[in-house]
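Labels A, B, C, D and E are assigned to the chains in the order they are written; within every chain, residues are numbered from 1.
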Amino acid sequence: MLMKRGFRGGVHPLPNKLTSDKKIEKAKLPSRVVIPLRQHIGAPCDPVVEKGAKVKVGQKIGDSPAAVSAPVHSTISGTVSEISTQLLPTGDRVPAIVIEADDGDEWIETKGLDPEKASREEMISKIRECGLVGMGGAGFPTHVKLNPPKEKRIDTLIINGAECEPYITADHRLMLEEGEKIIEGAKIIAKILGVDNILIGIEDNKPDAIDNMDRLGGESVRVVPLKTRYPQGDERHLIKAILGREVPAGGLPFDVGVVVQNVGTTKAIYEAVTQGIPLVERVVTITGDVKESKNLLVRIGTLFSSLIQECGGPVGNTRKVIAGGPMMGFAQYVDVPVVKTTNCILVFSEERVREEEESPCIRCGRCIEVCPMGLMPTMLVKFTRAKKPEMCLEYNIMSCDECGCCAYVCPSKIPIVHVIREGKKAVRRLKK
Amino acid sequence: MIEEIAVLGSLGFFFSTLLVVMSKRFAVQMDERVERVRELLPGASCGACGFGGCDDFAEALVKDPSLLGNCRLMGADERRRAGALLGIEVKETWWMVANVRCAGGSKVLFDWVGEKTCSAASSLGEGVLACKYGCIGLGDCVRACPFGAIELRGNTPVVDEDKCRGCGLCVNACPRGVIKLIPKDAKVIIRCNSPEPGKVVAAACPNGCIACKLCEKACQVGAIKIENNLPVIDQSLCTSCGACVEACKRKVLVLRFPKPLATPHAS
Amino acid sequence: MENLLSIVIAAVFINNIVLTKFLGLCPFFGVSTRVRNALMMGLAVTFVMSCASILTWLIYEYLLIPFEIEYMRIVAFILVIASFVQLVEIVIRKTLPDLYRAFGIYLPLITTNCAILGVTLINVEVESYSFVASAVNGLATGLGFSLALFMMAGMRERLEISEQPVSFRGLPIAFITASLLALAFQGFSGMVE
Amino acid sequence: MIPGFKPLVSTSPHIKDKVSVRGIMLAVVIALIPATASGVYLFGLHALLVVVASITSAVISEFLGYKAMGKKFTMDGSAVITGLLLALCLPPTVPIWMPVVGSSFAILIGKCAFGGLGQNIFNPALVGRAFLTLSWPALMTTWVSPFDGVSTATPLGEWHAGHGYTPVENLFFGNVAGCIGETSALAILIGGIFLIAMKYVDWRTPLSYIGTVGILMWLLGEPPLFHIFAGGLFLGAFFMATDYVTSPVTKTGRVVFGVGAGLLVVMIRMYGGFPEGVCYSILIMNGFTPLIDRFTRPKVYGVMKKREGGK
Amino acid sequence: MKVQEFTKGLVKKNPVLVLALGLCPTLAITTRVENALGMAFSFAFVLIFSNLLISAIKGFIPKDVRIPTFIVIIASFVTIIDLFIHGYSPSLYEQLGIFLPLITVNCIILGRAEAFASKRPLGETLLDTAGMSAGFALIIVLISGIREFFGTGGIVIFGHQFLPFILSSPATGMILPPGAFLVMGILLAMLKKMGVV
């Protein structure tokens, strides 16, 4: 099959990758962490520790019997000071465990498996116990993803190193500094899934990462350079670009025989399986209008404010603090903790946030041109605003990924994504 | 003359015979009651009954007369006649009107930009207001009203009770559940929707009910009970004395002057 | 052949029955709110128009002229058309109830669609067409009607999701749209002859 | 979290492209400058007066129209373009009241009645022009030759009357009779290429439009270059058929639009009563635009069977 | 109560404006006020007499064939007025063209027959049809006045210039088809703005 390296539509925002040559540094140990009991798609965990309990790093503090869920672990050693409702970066309020640190950084004992000898089930249960979820953004529990329904034949594993959003360099640095772990992790996943074909998709604006992974991957893991274009990192478009397959609407990559894992998750899988280390820290890019942009290895549950301080504090009058990239991240209004899916903290000062007033749609068609899903955002906006959810459905509104390309290019500055979310709400109401 | 009559007459005869034969062969059973019920429906096709419009509703009614209460717009007279047509007895129902249970004034959590509807605003973070139950004031209810009965004054919707027909579309449109239907003869109403404890309300909004129970104590007939941190008024006991309104420090309770209620609805 | 072609072009574009002759306006404004309904209505009208052209021509030629009662044409024609439409209505109601619902009151009103009587009168009175020419004219006029209705329905669907000033919403803007469409169709004037 | 942090919340994306409505409109105006300049150069000061009158009354009409609608008037430049385009497709000799009437009609009926910017179905400038042609046909078909102002016919008028073909180089540089802005293909081409290069207009529309006219004329045994350069085809193809608001939003749709308009131009020129059909061809295709949009929806990712429009 | 049956036709239930019926002649023959007057007269004649007849014989018409019956009745009256105008004023006959016979299928007439005359007694039918006729006349004279003035520069009725002033450069577009739709659209919008319809 001919390798296609692109997909339909997409945009080219300024990359602004200010931190691509900054080595990953270990962040200062936080004195207090807030660990939400739901950092993933699926059921929230129930706390398994009580207020006042002493916990160590890596100790499980929340778990759930539900099939789609992932346990959470303490990320510092200290005392549980409260169990209360806290705000997630996504704006949801969920129960969370707050831990005050003690002086030490005492870990629980961890035990790994030998991937050569361990069974598939053992490895999957290890991954679950370590609380692994997709670290690229959505947070889908990894053990569920690695255990596809029997009837789906998986033939390809794709490691997602595209990192198409501007500003973020966490995955890029990982590929440069922890390449070996990623390659080994990929091999473990391939073994679990029983596939031979392992591909790593990397955008061609990261030639050093492509070289490094190509060198380390050797014969078994092949690197596929991709055209630099947002949203290349969306797994649907990655699959389309690399394999030319289209995931059916409403379906999952399983349905076309593919499993996609983010590089960060792959590295975490390696550490979990071979050493039994739970997911307690991750790389976060802190950038934008801060004194010194950094890639930090951060304990989960660390508050945004302390990380921004660690980067020298904000520059100018801060107007927006965004969890995630500028295209799909969430704007924050109070201090929130880093969670398993937080790949970037973006600080925007007044100068960078120039919100222009909306003007009428002039039907320029730019949104249609850039929509990677082949939708007609302008029509969706009009149907939503005219209260015609049945027409929204007719124009496939539910296929929208909210990648934001349409709103990015809109010359009329219509908040298209916001409107489409409203349209989806109306459609869901219609279906009821 | 005779020829002309013969020609036209035979044409007419031919076609009418054809039509009679065809209409017999292709006869369709039509329930006449559907049409007659349909005539009694208000015809706004507002959809509040849960059907696609008055036509659909009329058809459903013939099959299941008990749905008659679903239509909130029908006048008492029409309802009675429709009931007679469908063979059920209709009890007199009081007319409902929409009531906005928020006086506005909650603190704003953050500046925001985006789609200017209440529904869209309430999906930003936890909603733009410190009070999660308060009116956002962007007029989703105004747009939902098919009768133009709601208008925004400043940031608060005001219901014109002469135009309101109690269809409840605004109730569904409000993402915060601020609007409730109340009987048109309700004597005292409350202007707060937050079931949060007094401390939380006081921190978020100067106009909210803090469940201080002064009204409960002031009421001489025992018509007010605080439930879920909000006063619940038993309108049948209320004497419109206004003691509770006097007692309320935050002006949450409002006394409506009882209106003449002889004809619940005249279309 | 050339002649028939010019009849077709004239009927569809130049003398479009709706936009230049103002016939069939009731369904033009009534049924043009949905593209699908417009297509159905166009088909129905085209069908009835073709059949009516043929029927009335035959009656005119072989009944009215021999008995010298041409002045009774209005009564005779409308009788034929009304009966024919009623027939179609009865059949559709039984066989295609969905279609019948969609047409609503407009199906019976095809009878009083002045375009149909208009075309039959044009055939025998204004143009004195031959049998074949009448049939072709009936068909082409129906197509012209369908075209105008189809375009109008597309535009009105778009108007529905845009924001006109309150006083223009609905029928007023539909008229103005029709006006501008008629203006555009002026471009065809002078074609053929 | 940060001292003095005044949070601003919105949905993603948090960065936006620089392109704005006003910027696009400004670019179109700039692109029209060569055509306007050549018109004034060829036909003198009266032409300039027509242009100024047209733009001024268009802007004033829009202001009044928006006021009547109760909408906020913003100087987004769209009215300027309407006024300018209308002036460019008027004969240079028209009395000054005509562009005033034309652009008021264009803006008030063609645009404001539909709800203002973005809502209109027909290109306002062409609506204005078609109305003027319909109402004052004599004034709208009085032509003069450049520089000297002697009464003459347009190249297409000559051709329609059977007087042969004007040399293509005259048409290219604009040394012929015609509307103020349409005679010089070169001047229009400069502006058009600028717009295409800046990605403000899609090349598909002008290419398919002009291409269709050229190929069909060639098939019918007419000199294609003459028909491409004569009349208002260039102005129409680059500036009017590409009007965002009134042309299809999809790429396929734009090709359909161009081909359809080209077909109509050939039909009207060859068989119609008018020597020129650009204005009407675009107006008629404007009428088809909603249907074209509806039937040329792009293929949706992951949706295997594309369903037909309608319910 | 009874008077309302008449007055409702003028504005509140004006057949053209509110019910959007009978549009064809409203737009087609309103190029001259003269034609409009002729049309209004013929229309009133047919509407009133045919509906009176229908109201009178409503008990005898079988439901299934009522519409053809109505139409035949209407067509007969149209034939009468057709012959009358042909003989009385050939020039007007020429002007009205096929729109005179087409009164037969004017939706207003059939609509009133179906909705009113076939259900109500004679007296009410007379008032109703008279009101509808007056409403129709009002609108077509108004529209034709506007179109003739702007389209030809003045208003000429039976050879007399009706207005004291004329336009020097009339817009011929107004008496052509686009003008008809335009005037109607703007009229409707204005009436809507004033809250009439």
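Everything below uses one rule, namely that a contact is a pair of C-beta atoms (placed from the backbone, for glycine too) under 8 Å apart; a residue touches a chain by one contact, two chains touch by 3 or more.
These numbers were taken from a predicted model, which means no experiment stands behind them.
Using the contact threshold fixed earlier, the set of chains in contact with both chain A and chain C is B, D. Relative to chain B, the most remote chain by averaged C-alpha coordinates is D. By count of C-beta pairs in contact, A-D exceeds the other of the chain pairs A-D and B-C. Chain centres here are means of the Cα atoms, and by that rule the chain farthest away from chain E is A.
For this pair, chain B with chain E, the centres built from the Cα atoms lie 42 Å apart. With centres defined as mean CA coordinates, chain B is found 44 Å away from chain A.
Our note on geometry: chain A versus chain E, Cα centroid distance of 70 Å, whole angstroms.
Chain C and chain D, compared by their mean Cα positions, are separated by 33 Å.
Shown for chain D are the residues that touch two or more other chains, namely 6-11, 109, 113, 118-119, 131, 134, 293, 309, 311. Touching two or more other chains at once are residues 72, 75, 79, 83, 86, 162, 165, 168, 172-173, 176, 179-180, 183, 186 of chain C.
In chain B, the residues that reach two or more other chains under the touch definition are 12, 15-16, 19, 23, 109-110, 113-114, 124-125.
Partner chain A is touched in their complex by these residues of chain B: 109-110, 113-115, 117, 119-120, 123-126, 143. Only residues 3-4, 7-8, 11-12, 15-16, 18-19, 22-23, 26-28 of chain B touch chain C when the two sit together in their complex. Chain A meets chain B in the complex at residues 87, 91, 93, 331, 333, 355, 387, 415, 418-419, 421-422, 425. On the side of chain C, the complex with chain B involves touching residues 59, 63-64, 67, 69, 72, 75-76, 79-80, 83, 86-87, 90-91, 93-95, 97.
Residues of chain B touching chain D in their complex: 109-114, 124-125, 128.
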